[in-house]
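Residue numbering begins at 1 within each chain, and the chains themselves are lettered A, B and C in the order written.
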Amino acid sequence: MLKIENLGMNFSGFQALNGINLELQEGEKHAILGPNGAGKTTFFNCLTGQLYPTDGVTHYKGKKITGLTPSRIVNRGIARSFQRINIYPKLSVFENVQVALIADKKMMFNLFRPGAALFRDETARMLELVNLTDEADETAGLMSYGKQKQLELAIALSSEPDLLLLDEPTAGMSPQETMDSIALIGEIASKRKLTLLFTEHDMEVVFAIADRMSVLHHGELIATGSPDEVRNNEEVRRIYLGEHADDAA
Amino acid sequence: MFDNPMLTFIQLLNGLSLGMSLFVIAAGLTLILGVLRVLNFAHGAFYMLGGYVCFSLVKLLSGVPGGFWLAAIGSAIALAGMAYLIERTMLRHLYERDHLYQLLFTFALVMIIGDLVRFTWGTQVLSVSLPPGFKGAVNLGIAYYPSYRLFLCLMGVIVAVGMWYFVNRTRAGRFVRAARQDREMLESLGINVGRIYMLTFVGGSALAGFGGALAAPAVALSQGMDAEIIVQCFIIVIIGGLGSLGGAFLGALILGLLNSFGVMLVPNFEIVLIYLMMVVVLMIRPWGLLGKPEAQ
Amino acid sequence: MITQRNLILLGIVGAALLALPLIGSLFAIYLVNEILIFALFALSFNLLLGYGGLISFGHAAYFAIGAYACAVLLTTFGWPFFLAFGAAAVISAVCAAVIGYFCVKLTEIYFSMLTLAFAQLVWAVAFKWIAVTGGDTGFIGVAVPDWLDVPVRFYYFTIVVVALCAWIMWRIVNSAYGFTLVATRENRNRAEFIGVDVKRIQLVAFILAGTFAGVAGSLFTLFNHSVFVESAWWTQSAEVMIMSILGGVGTFLGPALGAATLLILDRFITEWTVYWPTFLAIILLAVLFFFPEGLMGFASKRKKKGE
């Protein structure tokens, strides 16, 4: 479904990503594990058109998407969430989702249909899906961090993607919030038959939902495979799990 | 058009002297834009006020040797003082606000200064006589040329060198340069960014005042001179690149020369040519000829 | 949202406008007529600023293009009135489309600067293309048709045009497009990642704003029987920005209120002092530091507190 070949990103001398090859099958839930600074967000930015990679090419459903603008890539069926909350903070929760649906249904250049009346049922359903029904009329930016993350997910889902990219979906959450949102993401992904690519720094989260995973280290993928395979990979143990073991001790 | 070498030469000098006197003003504007990120429409008003203050000081100091030069420095100081008051009492409260409100603030300044000039100096056109020693023309071999204009050329170069030295070779200048690039980094180093902003605004405004004083003997002082000069300064700053001193120098030269030779190339339409230039630079290199593209 | 209260207020204002010629002096009719024209201009500007978050620094260009186009088509070419009036709007739209195409590629300060540069270019052309525009002396003696050349008739004509344009703009800002435009203002990056082509959305706003500004310019030509090159100078762009912010860019009708406030103050303060700009500046500073949401925002907040 997604085929990444030799992807590289060089920021005027600094090689942030190098020779990344990765293939995703339909329905796969793939985690990218790596410490902060490993290049996870840069990797996502290169895939979604936010950045133009200096090397390599990405195909989605057999078609090249490298070089397209973010909006084009979204229209192909790839949606993403962001590590740092990225919503419309001054709009209501309801409007946040409604606008995404208007865009998805290609109504954004319609000058005459009143916007407020559009896709009300769909919006309500989407909010229900992420458990935000009661917060529909709240100002998005004033909600708790966890709820804003849920909203972020709803916005990404509103473009009805086949492939969903989540950048650190549980970053900054309390353990309880993390478990809840992981359960929610897993459930939605299964229900909607989504292919999921997500970055994570927390092993627990990865094992809870991923069926395959890769480890990113200094801009390179050093291992790919099932969680168990990766966990037993020597290099990974040495660089990544080793560090974690030290932290724990 | 270039078949008359004398005319070409004189136009060249005209272009250079215009460009250099504009540079003094635009240098202040580009500093403020680069560091504070404020589109300061009041910069032209500061220039105008500098000219008028110079007029009064020259009258006050008549008979004093070097009176004009003292008056020019006095204008710069007066404008610096005013800028200090404006920055401390009002402008600094607006840095965190939207660009729009900063713009609006500078509009308010434009209006108040316009009225101040009208109230103090009236509406008639005033002129400052050329300083002694610069009243005549200099024989340059193939043509005579007004010596004050040659002096303006020289002054532009002196200001350029002085500012280059300040920005690149002094401690304060280093902070200004850093503030232009990354204000967060400076803050994290524990440097008082507010002070750098204040000094930049004061210094930039002093340059506007000084530029106004220097221009006073060469142009007629009148209301509305602020609205014209500010557009020219914006052109220079845009062509050169926001915050780039070298860019402002280049931009001022281009504008000056385009003005003088444009008259010969496309008589009557030289103004169109100049705005066209600004449009084209913005379309091709929005960060200016010598500026650096900003990270998105 | 239209509340019943606002609807009643709007009805009262509308009725007062319609009744004015019966009770008001010629001076009042002229003043209100001018206010209506600038209200339309400010409303068009607010499509960009208030709804799109785009700080255009050259909105006067489209006002001037509409004004000159109407004058030239009516007078120099002798076109029938409605054809000329409509064509002026179309010409403004086309110019806004061409200029906007380049402007929306840039953001923030660079966007503002390019809009300014284009507007100054328009000004320079109007200033120097004397054969067509009359240059510095202006285009004088516009051939306004006789049936319209009566203050009260022109007043009603203005009401009809402005009301129609305002209604269309109201529909637009509340449309699916209007929603999307607000989203691009609130968070450009997020909008891109729900599949919105932000530049195209902004370009449409630019064209719409330019078109309605052109209509306002045409009306102003007919109102004055002349066009002057100052209408494209940057201070005119600054003025419409001041009107909008004074009234409040966060509301649909705020800019119209700003236009009315500015023109009324102008008329009455200049009666007793030439230092009107200082008064305006003081008002601006007050808005800036104490009521950043403008007069309209201030009024609606007071109302909410009272309730």
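A few remarks follow.
Following the convention adopted for this analysis, a residue touches a chain if its C-beta (ideal position, glycine included) is under 8 Å from a C-beta of that chain, and two chains touch if they have at least 3 such contacts.
Given the structure is predicted, the values throughout are model-derived calculations rather than measurements.
Contact topology of the protein chains: linear, an open path with no closing contact.
In this assembly, A is the chain whose CA centroid lies farthest from the centroid of subunit B. Among the chains in view, C has its Cα centre nearest the centre of the complete protein Cα set. Look at where the CA atoms of subunit A average out and do the same for subunit B: the two points lie 49 Å apart. The geometric centre of subunit B is 32 Å away from that of subunit C, both derived from CA atoms. We define each chain's centre as the mean of its Cα atoms; on that basis subunit A and subunit C are separated by 43 Å. Residue ranges of subunit C in contact with subunit A, taken from their complex: 171-172, 174-180, 182-183, 186-187, 189-198, 200-201, 204. For subunit B in complex with subunit C, the touching residues are 33, 37, 39, 41, 90, 93-94, 97, 99-101, 103-105, 107-109, 111-112, 114-115, 118-119, 227, 231, 234-235, 238, 242, 268-269, 271-272, 274-276, 278-279, 282-283, 286-287.
Residues 48, 50, 69-71, 74-75, 79-80, 82, 86-91, 95, 98-100, 102-104, 107-116, 118, 155-156, 158-159 of subunit A are the ones touching subunit C in the complex.
Against subunit B, in their complex, subunit C makes its touches with residues 49, 55, 102, 105-106, 108-110, 112-114, 116-118, 120-121, 124-125, 127-128, 233-235, 238, 241-242, 245, 274-275, 277-278, 280-282, 284-285, 287-289, 292.
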